[in-house]
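Once you scroll down, you'll see the structures, which are given as structure tokens.
Two complexes are shown next, each including subunit A; its partner changes from subunit B in the first to subunit C in the second.
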Partner chain A sequence: MPYLASDKIAVIDLATGSVEELPLSEELLNSRIGGAAVAQALYAEHEEGDPLVLGAGLLTGTLLSGSSLGLISGKSPRTGALAHAPLTLYAGLEIKYSGFDYIVIKGRSAEPVYLWVHDGIADIEPAAEIWNADVWTATQEVRKAMGDELIQTLVAGPAAVAGSPLGQVMINFWASGDRFGLGSALAAKNVKLVALRGMGLIEINDPEAYVAACVGLLGELKSGGWAGKKGLMDLAAGLGEADFAAWLAPLAHRHRAGFNTPFAANTFVFLEGDPKELKEPAAPEPGVLLTDLDAPLSLMKLGLDAKEACAIIRDCAKAGLDAAGLAELAAAGGVKDAAGVRGLMSAGDAPASGPAGPFSPCAPDKAAFADFGQGGPEWWRRRMALAYVFGLDPVFALMSPQIDEAKLIELAEVGAGLSIAPATLEQVLSGLAG
Partner chain B sequence: MGIKIDPGKCTACMACELACGYHRDDAFALLSACIIAYRARELKDYFGVVLKEEDTLVIARPEGLEVKRIGAVEEDQGEADASAKPMLLREPCDLCADREGGPLCQTVCPVDAIYQG
Partner chain C sequence: MLPSPDPRPPARPRPASGSSPSPPTQAGPVVGSALAALPRRPRLGIYCGGGASHSWLWMVDSFERLGLDDLCFLDEKGVASGGLAGLDALAVSGGDAFALAGALGPEGAEAIESFVRSGGLYLGSCAGAYLCLRSSKAPLNLFNFVQARISNLARELPQPLMLAEKFSTPYGCAHVFHPVREAVWLAPAEEGPWSGGGRFAAPLYGGPAMLPDDPCLAMATYADFHPRTRFLAPRELAEATLLGRAAALRAPLGAGWLHLYGPHLEHPGFAEANRLMAEALTHDLPDGPPASPPASPPSWLAGEAVRGLARQLRREVSNSRIVAAGLEDHPVRWRIGAKVYEPAKFRVFLEAAWRRVPALERASALPLAPEESLALGEGWQEITAGLRGLRRALEDSPDPGRDTTGQANRLFDQIKRACVGLLTLHFAARGPRGGISRPH
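Let's look at the complex of A and B:
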């Protein structure tokens, strides 16, 4: 049995309502390592069913700093090509511990359903009652029905149900890194959401050595440029966007990290109440978690004030609409006010061209707080491929040159018992990054 | 001496929780950790850390620390319960007594929100 894995793939055929469980073969791991590379292979294997593949990186959900990445891979409604979108916060963790390493969702259900994946079981449940619900309501309803507030959901909101090319896969209540319209691809299968809960146990090849290596690496990482910084305001400053911090600061509450990710790249903003107040707010829904720099930054550049922009992002979060794509659409159309942006929300349009390449542009196009000694699109794609194979948060991957290819090969050997030849890694990364 | 938590620094990354689970199980798991990030109230951005000690439950809320006697917590359930296994059923913190470097949760916290004092 492989280490750092559950040794199980679920193949959910929505057309027949069947769930097949397959072992995670050593051959697949040896040739593809993990994450997006395995998802790519599973996509090809089940291509006749236009699959969406959920998975996690080889080292996701471990003590490796930044190992938060889950992913959803599938044919993008925006680009028509296979795309990989990152699922961070706690979604990757729950996928990893759900009892399945990968979940292939193929075909189309005759009726609206949701998928309940937990403890090595994948169930198909009716979803007629929540089909038209907004993202926030759908998540709350499923958690209430299961009696577990920690269930993580991947949701297709009303925008996705309506078939918008900007229909985003949402994580619980918030935007994911999906810029490919994969929420609409999920809804096109008549799937409202995937509910995930993982209480499994992941065995380690050499526990002491793996933990020691992770602890040693964290020691090196803590001397990096990100140390002492957190949130989207610091991230923007690190990328040279000097005006963003002052624009957002009056609304900023706290900063939240994804699972075991040293840099907290998510900032919660209050739209009602005092953002400096630390006690539990009385308002049930005081604001929104900003999980992606592009959306607020682009809306700022259109000329919106922070409160208007964040209110739009909150409404996009409820609708399951890609706010960064919306802002891009507004910019292309010369829109310069909140009313104009809101007018585009229900139009069902998308920018003329989708993201270039298979990886989400939610990660900045250059390093932050760090010098990798190289840069440019080719370097970025290879860095993303590395992150999506091993399970690193794609934003943190751009801050952490200490987590290099040699270190990940070493951790794969010690943690997963997987010997990766440099030539294999080269083949896997080239096969993903092009 | 015991574990102390600075809730102002915590970013709810759960590294401490996984480290504690590893200390208990020699594998990666979360159910046996005696320190957890409570994160169920995400719509309110209200999160912190709960630590079970021998006789007390330490709740590191954003606005400050609260320490409850275990018996008192049993009466009102405290924050215990957005997790699959209630805190009161878990083993209390032993400061990773078998580990040379001290508590692993402290070692792996990337923002130094956990310390001893």
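Let's look at the complex of A and C:
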């Protein structure tokens, strides 16, 4: 049995309602390592069923700093090509511990359904009652039905159900890094959401050595330029967007990181109540968690004030609409006010061209708080490929030159017992990044 | 008395929590030499009926790890209706001693006495020990099998320093009180199965300190407090009550023996105590003819039926433990009988079941009739539904003070029964050592 894995792939055929469990073959691991590279292979294997593949990186959910990444891979309604969207916060962790290493969702269900994946079981459940619900309601209803607040959901909101190319896969209540319209791809299969919960354990090849290596690496990482910084405001400043912090600061309440990610790259803003108050706000829905810098930054550049912009992002979160794509669409159309942006929310349009390449542009296109000694699109794609194979938060991957290819090869050996030849890594990264 | 394994909501990733710090493994027996010397593998019964808390699961885990895996489970009806026949030993762990005695009743007392007198071994820890100590209180007085008294008894109850709900239990006009909890050091007696050995630790969760009279023999005494001992009473009082008193004793009755333990030597977190408990057990096991093997089951599940059942069990035990884990954050407590239960106790049963699911998944055949298989699966489905219902009752009720004790009590009972069903299947499926032959 491989380490850092459950050794199981679920193949869910929605057309027949069947769930097949397959072993994760060593051959696949040896040739593809993990994450997006394995998802790419599974996509090709099941291409006739237009699959969506959920998975996690080789080192996701471990003591490795930043190892929060899960992913959803599939044919993008926006680009028509295979795309990989990042699933951070705690969704990647839950995929890793769900009892399946990869979940292939293929075909189309005759009736609306949701998938309940838990401890090595993938159940197909009826979803008629929540089919038209917004993202927040759908998540709450499923958590209530299954009885646990820690269930992570990947949701297709009303925008996706309506077939918008900006229909985003949402994580629980908030935006994921899906800029490819994969939420609409999920809804097109008649799947409202995937609910995930795993209470299992995964074994480490050499636990003591792996812990020591991760702790040692964390010590090195702490000397990085990101130390002492947090949230989207510091991130924007680090990327040279000097005005953003002052624009957002009056609404900022707290910052939140994904699983075991040292830099908290998400910022919760209050739309009601005083964000400086420490007590629990009276309003049940006081604000929104900003998880993608591009959305508020683009809306700021259109000239919207922060409260208007964040209210739009909150409504996008409920609708399951890619707010960054919406802002891009507004900018392309010369829209300069909140009403104009809101007018585009139900239009079902998308920017003329989708993201270039298979990786989500939710990660900045350059390094932040760090000098990697190189840059540019090729470097960025390779860095993303590395993050998506090993399971690193893609934003943190751009802050942490200490987590380099040699270090990840070493951790794969110690943690997963997987010996990766440099030539294999080269082949895997090239195969993903082009 | 009620043991508290101190389960906490686990950190991510969630390990199996509850009572077992180290899950049982499929490794060989720890007491290899003592067991190897036995002419046959003993068949042990574990009491899990009325009055028992969850600590009988510790017996299951420890025995299994020690290689004592010919196990069966009995409730009060099983004890009274001939279930002890063919057993070498009966183990009764913690719970509520009065409730144990009440559930077992005169028929149970008679059955146990007859079992021991005819050469069987009774192994009681905590409430299972109190049960057999000399008492004038009904219904405990039905079980006066051991000439020893309780030393942690007081007419005037001292003030507890903490955990008031765990500190004492009424006992007639007096109170049994518990000056400490958690690990304590025990010292082997100069004579007996552990003579010559060093001190060892075991956890005390309300079990007795005992004053043995002839012909009882102390096997170990309370020797000292442990860095992990928690004091519920001032240290001086704890010392006067416990130190030097018998923590483990053995008493003859007819051709058999009773082993009584104040602390839970069976707790899976205390390997040395487990080993010694098994050593003592092997020392006094009946040496008569082999116990009659249980009758072969009338039918077997095989092939797709096994896979279907195992899958259903995985699904429902998983569903149940997910809800139960979510309930652990809730502050609710239930007083059931003389005991206070918190939601974390659900998971102690569920984790015990969960750990055995993979072995059932690997089985090619299971000794179970189709209707039993159906009932087992449905039982677990009902538990999932019941736990979800309890959660809704706790969280959605407009009345925050709504009493859910009845609901929780029924669920504990259901979970215990379903857990017994799954464990019975698990041990029966383990093959010839369990006395059951699998079909080829």
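Worth a mention:
By our rule, the second predicted complex is superposed on the first by the 434 of 434 C-alpha atoms of A that agree within 3 Å, B and C clash if a C-alpha of one lies under 4 Å from a C-alpha of the other, contacts with A are read in each partner's own complex, and residues count from 1 in each chain.
By our rule, contacts are C-beta pairs under 8 Å (C-beta built on N, C-alpha and C of every residue); 3 or more make two chains touch, one makes a residue touch a chain.
Just so we're clear, the structure is a prediction, and the values are computed from it rather than from any experiment.
By the touch criterion defined above, A:97 reaches both subunit B and subunit C. Of the two partner chains, both subunit B and subunit C are touched by A:199. Once the two complexes are laid over each other on the shared chain, residue contacts for A:244 go to neither subunit B nor subunit C. When the two complexes are overlaid on their common chain A, residue A:150 makes contact with subunit B and with subunit C alike.
Look at A:121: by the touch rule set out above, it reaches subunit C but stays clear of subunit B. Using the contact criterion defined above for the overlaid structures, shared-chain residue A:61 touches subunit B and also reaches subunit C. Which of subunit B and subunit C touches more residues of subunit A: that partner is B. By the touch criterion defined above, A:279 reaches subunit B but does not reach subunit C.
Under the contact criterion defined above, the residues of subunit A that touch both subunit B in one complex and subunit C in the other are 61, 90, 93, 97, 148-150, 197, 199-202, 259. If you check the complex, the residues on subunit B that touch subunit A are 11-15, 18-19, 22, 25-31, 39-47, 61-63, 82-84, 101, 104, 107-108, 110-111.
Within the complex formed with subunit B, the residues of subunit A that make contact are 4, 61-63, 65, 90, 93, 97, 136, 148-150, 172-173, 197, 199-204, 207, 211, 214-215, 218, 221-222, 230, 253-262, 264, 268, 278-281, 283-287, 289. Taken in their complex, subunit C has these residues touching subunit A: 12-16, 311, 314-315, 318-319, 321-323, 325-327, 387-388, 391-392. Here subunit A touches subunit C in the complex through residues 61, 90, 93, 97, 118-121, 123, 144-151, 197-202, 259, going by the rule given at the top.
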